[in-house]
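Have a look at these structures, which come just after this line.
In the two complexes below, chain A is the common chain; its partner is chain B in one and chain C in the other.
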Partner chain A sequence: MIRIARAFKGIPRIPIVILALVVAAAIFGPWIVPFNPEESDLVNQFIPPFGMEGGSGAHLLGTDHLGRDFLSRLIVGARISLMVGAMAVFFSGFIGTVVAITAGYLGGIVDAILMRMTDAMLSMPYLLIGVALAGILGPGLLNLVIVLGVLGWASYARVIRSEVLKLKTLDFVVVARITGCGLGRILWRHIFPNIVNTLIVLATLHFGTAIILAASLSFLGMGVSPPTPEWGLMVAEGREFIDSAWWLVTLPGLCILLTCLAANLLGDWLRQRLDPKFRERA
Partner chain B sequence: MTETVLRVEDVKTHFVTGSGVVKAVDGVSFSVGKGETLGIVGESGCGKSMTALSILRMVPAPAGRIVGGKVFLCGEDLLQKSEKEMQTIRGSRISMILQDPMTSLDPLFTIGDQVAEPIRTHSKTHALNVLARATEMLRLVKIPSPSARMSSYPHQMSGGMRQRIVAAIALACEPELLIADEPTTSLDVTTQAQLIALLKDIQQKLGVAMIVITHDFGVISRICHRVAVMYAGRIVETADVQTVFGAPSHPYTIALLKSLPRFGAGLERLHTIGGQPPDLRDLPKGCSFAPRCAHVMDICTTEFPSQRDIGAGHTVCCHLAGPGRSAQ
Partner chain C sequence: MQRYILKRLLETLITIWIISVAVFMLTRLTGNPMDLLLSPMASAQDQAVATKAWGLDQPIYVQYWKYAYGMLHGNFGNSIYWGTPTLDIFLERFGATLQLATFAIFLSATIGISVGVLSATKPGGKIDSFGRVLALAGQSMPTFWVGIMLVLLFSVSLRLLPTSGTGGLSHLILPGITLGWYSMAAFTRLTRSAMLDVLDSEYIKMCRIKGLPERLVIWKHAAKNASLPILTLFGVQFVHFLSGSLVTETIFAWPGVGRLAVWAVYNRDYPVVQTIVFIVASGYLFVNLLVDILYAYIDPRIHYE
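Up next, the complex of A and B:
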């Protein structure tokens, strides 16, 4: 218990609070929202947020062009964004780690082929590829996650492979072979646990990027489709009303910004926390 | 005559590189008996470690390949075995201690876990027995409070203790052969002495055959029964330890011993061996040591001196020793 508490010492408070709120919204969203986020109410269109002229206490953050309560949409939108972010990170991380460990440990021609594929992925403009891929697959949550997974694995592969190359030279990997471990056991028991630190840092940083990418694709009509509340999609829908109902664009954008920023700050802190500690203990 | 545990016959290990074939091990033959320690001594780059890796069939591929010879472990030729069969042999019948104790242990797992790993890999013992056996091994290598240490991590141990833990891992399944590749090079002198005493003690208790690879003659004198001197991928002289120190025959061995600093003889320039070891891609015709030999003759540069017997268990590859009896 004390060890866990000590591990969290010095954690940056603001990012963790923001992320905690987002996660809470994602988990408890459907039960705590005051209104049904998908129910239109054309009588009450364009009510501004509370505190502004024309605002009301019933709709704390106003309503959109179809009269749907905006606060509810933002809260439920958190669930979609988090899900997409987490799944994208998981798939990219999985593919990237498998590629990196295979290429790094086996070396030779396997390494050469896999790294050329990685280089090719890294050199392509990701939004372009994302749009093209999304166009082929069509809209939908699962397709969005697939596209994000395919876009993201290369950065994991590059970094983790260099960690594997470093590990390969350390004697304990040779000792594992000397004691008769087969290839699979060495990779799973010795190589993988030693790259998990790096993987966690990369995943945290990639999470923010994934959310922005998901929002961008939804904005372009390639991701989730209406009436699903997704922050990027909400920005797109509110675009044409920006001069009269500015909150329709600003508030979802602010949510995207804060979540991504919190994830990045947390990732930075994790990187500092996990790496030097590792080295200073060794 | 003790039974032979390992017999290496004319093993050749070559590396194919862009600039030529490097003959790292070029026809090495020796044998080690039960309860006996063979020391392999030579300069850096002479092929000592590669010989050890060839015995274990862990030569770095694809550039390195064992291209010839036989390695008999209790009569079975290891070079004919499949990789799967080698995996069952490594760790249980042959084991190795590496040079650097600071990186020989996985930083993420406890000592107990790492000593238990070879036991788990090679036997189907019950979990509790595995832990008991691991604690026994720690006791064998004289780690204080072994049961408490089972849950410590490598970074909590000193270099000397880590090297002993590496020895415990190597001996966990009571192998027939233990190879120690420069086990004392990274340790301070006191810890070196402790480790050597420990290895000697373990050999007496378990009867394990040992090969100690080193460039330190002090270690040789304390633990080895027989010595093989290597130069440029070949063994140039083999003898029991008293003969190597007292009556060496090969000019290289003589020069090596002469270059050891002596105490109490007054300040004098250290003896060196002039010249450089040869390029392993382009070994000279004839004896590889000829360019640097003080007693070189014409025949040395044209004909390679085959191994010849010059006394009880004393073989040498040198034309100076006369025709003698061929050791083949």
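Up next, the complex of A and C:
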């Protein structure tokens, strides 16, 4: 218990609170929302948020152009953003780690080929590739995750490979090899545990990027399709009514901003804690 | 030195080759490119005719060879929609993108570098906190939202600037800030850390001891040596801007490459998409190569094996 408490000492509180709220909204969303987020109610279009002129206590954050309760849509939207972000991070992290370990440990021609592919991936304009891929694969949640996974792996591969290169010259890996450990055992038991920290930091920082990218694709009409309450899509839908209903474009963006901000702050903290370079300085 | 340049050049060329394969495969991901090229209503006969016309009945390596051969001769294929060469369509839109990108890069570099330098001179000070907030906000705000918030504030509420389209300087301001927003954060962060590293060094202490005014120490002696990583970022960001920000150009109806790309994906004009991806990615690689070589000349401390 003491060890766990010490591990979390100095953790930034605000990001944790924000993330906890978003995660709670994502898990319990469908049960706590006051209204069905996808049900139109054309009598109650464009009700402004509570406290403004014409606002109503029933719709705390107002309604959109189809009269749907905006608070309900925002809450349910958390689930989609978090799910897409987490799955994208998992896919990218998995592909990137496999590529990095293979390239870094085997070296030689395998390394050269994989690293040129990584370079190629990193040099491509990612939003453009994302839009092109999403256009080919078609809209939908799973396709969105695939696109994000394909776009994200290269930066993992680049960073983790350099860690592997350092690790494989260290004594414990050399000894493991001499004592006759199989390749799989060396990679899984000796190399992998030592890159987990880096992986966690990269994943946390990638999480925010993935959410923004997913929202951007949906904004451009290449991600999830209506009437799904996705934050990026909601901003796109609200754009038409920017003259009259400011909350439709402001609030979903604010949700994305807060979630990403929390993830980035947490990532920075983790990096300072887990990265040996920072630890020495402190 | 020459060996290093040669090696980097070779690497770049190999990477570009890989990109050409990836771009070629892009339309073949779903199996039959005809699904993308023709409307779903097309009859079997139309399919057969089109397949023949596009050379899709040949083995895939022959198709790739033809594609690559064409590209080497500046022939990137024709747009399905207009029937004209995709390269011409790209170049036609490039001017607008170049204009916006130039404005955005100078805006973000000027603000970002100034804030970064000032933050580094007084770490923990007011400007440093401001820079920190700026960097975090830049990192965490989706570009499309930044653009829309700017429109909401300056066009809808204050009625100061136009919401979209092209024209004079007033049309450039909002898209310029939107496009430059993220890299402004990057410039701030990078400049701050580069300056902090330099200000820590012995020769800066020497400059101070010999009584140089602080202004000279920072802007002449320190900034010059901190400028190398910033130069890289400048090159990389500029090329990113040149790829045409899809989001910014869509929001502000800017007639550049980014909007062309979104349009082409919507209308399944894949030759256009392929051309944009290939040109932009190659451009990015060449700028990186140039920056690397430039480095070697500027900084005599860097040795390459």
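Everything that follows uses one rule, which is that the second predicted complex is superposed on the first by the 276 of 282 C-alpha atoms of A that agree within 3 Å, B and C clash if a C-alpha of one lies under 4 Å from a C-alpha of the other, contacts with A are read in each partner's own complex, and residues count from 1 in each chain.
Criterion: a residue touches a chain if its C-beta (ideal position, glycine included) is under 8 Å from a C-beta of that chain, and two chains touch if they have at least 3 such contacts.
Not measured: the values here are computed from a predicted model.
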Simultaneous placement of chain C and chain B on chain A, clash or fit: fit
Counting touched residues of chain A, say whether chain B or chain C comes out ahead. C
Contacts of A:264 with chain B and chain C, given as first, second, both or neither: second
Is A:194 in contact with chain B, with chain C, with both, or with neither (first, second, both, neither)? first
What is the contact status of A:23 with respect to chain B (first) and chain C (second): first, second, both, or neither? neither
With chain A at the vertex, the Cα centres of chain B and chain C span an angle in degrees (to nearest 10) of 90
Let me test your reading of the model: by the given contact rule, A:182 touches which partner, first (chain B), second (chain C), both or neither? first
Partner chain(s) touched by A:170 [first = chain B, second = chain C, both, neither]: first
Return first, second, both or neither, reflecting whether A:98 touches chain B, chain C, both chains, or no partner chain. neither
First (chain B), second (chain C), both or neither touched by A:108: first
Superposition result for chain B with chain C: lowest C-alpha separation, Å, rounded to 13
In chain A, both chain B and chain C touch residues none
Along chain A, where are the residues that touch chain C in the complex? 116-117, 119-120, 123-125, 127-129, 131-137, 208, 212, 215-216, 219-222, 232, 235-236, 239, 242-243, 246, 249-250, 253, 256-257, 260-261, 264-265
As the complex stands, chain C meets chain A at residues 11, 14-15, 18-19, 22, 26-27, 29-30, 36, 136-137, 139-145, 148-149, 151-152, 156, 240, 243, 245-247, 250, 258, 261-262, 265-266, 268, 273, 276-277, 280-281, 284-285, 288
Per the touch rule above, chain B residues touching chain A in the complex are 56, 58, 62, 87-92, 95-96, 98-100, 103-108, 117-118, 121-122, 155, 166, 169-170
Note which residues of chain A are touching chain B in the complex, please. 108, 170-172, 174-182, 185, 190, 193-194, 278, 281-282
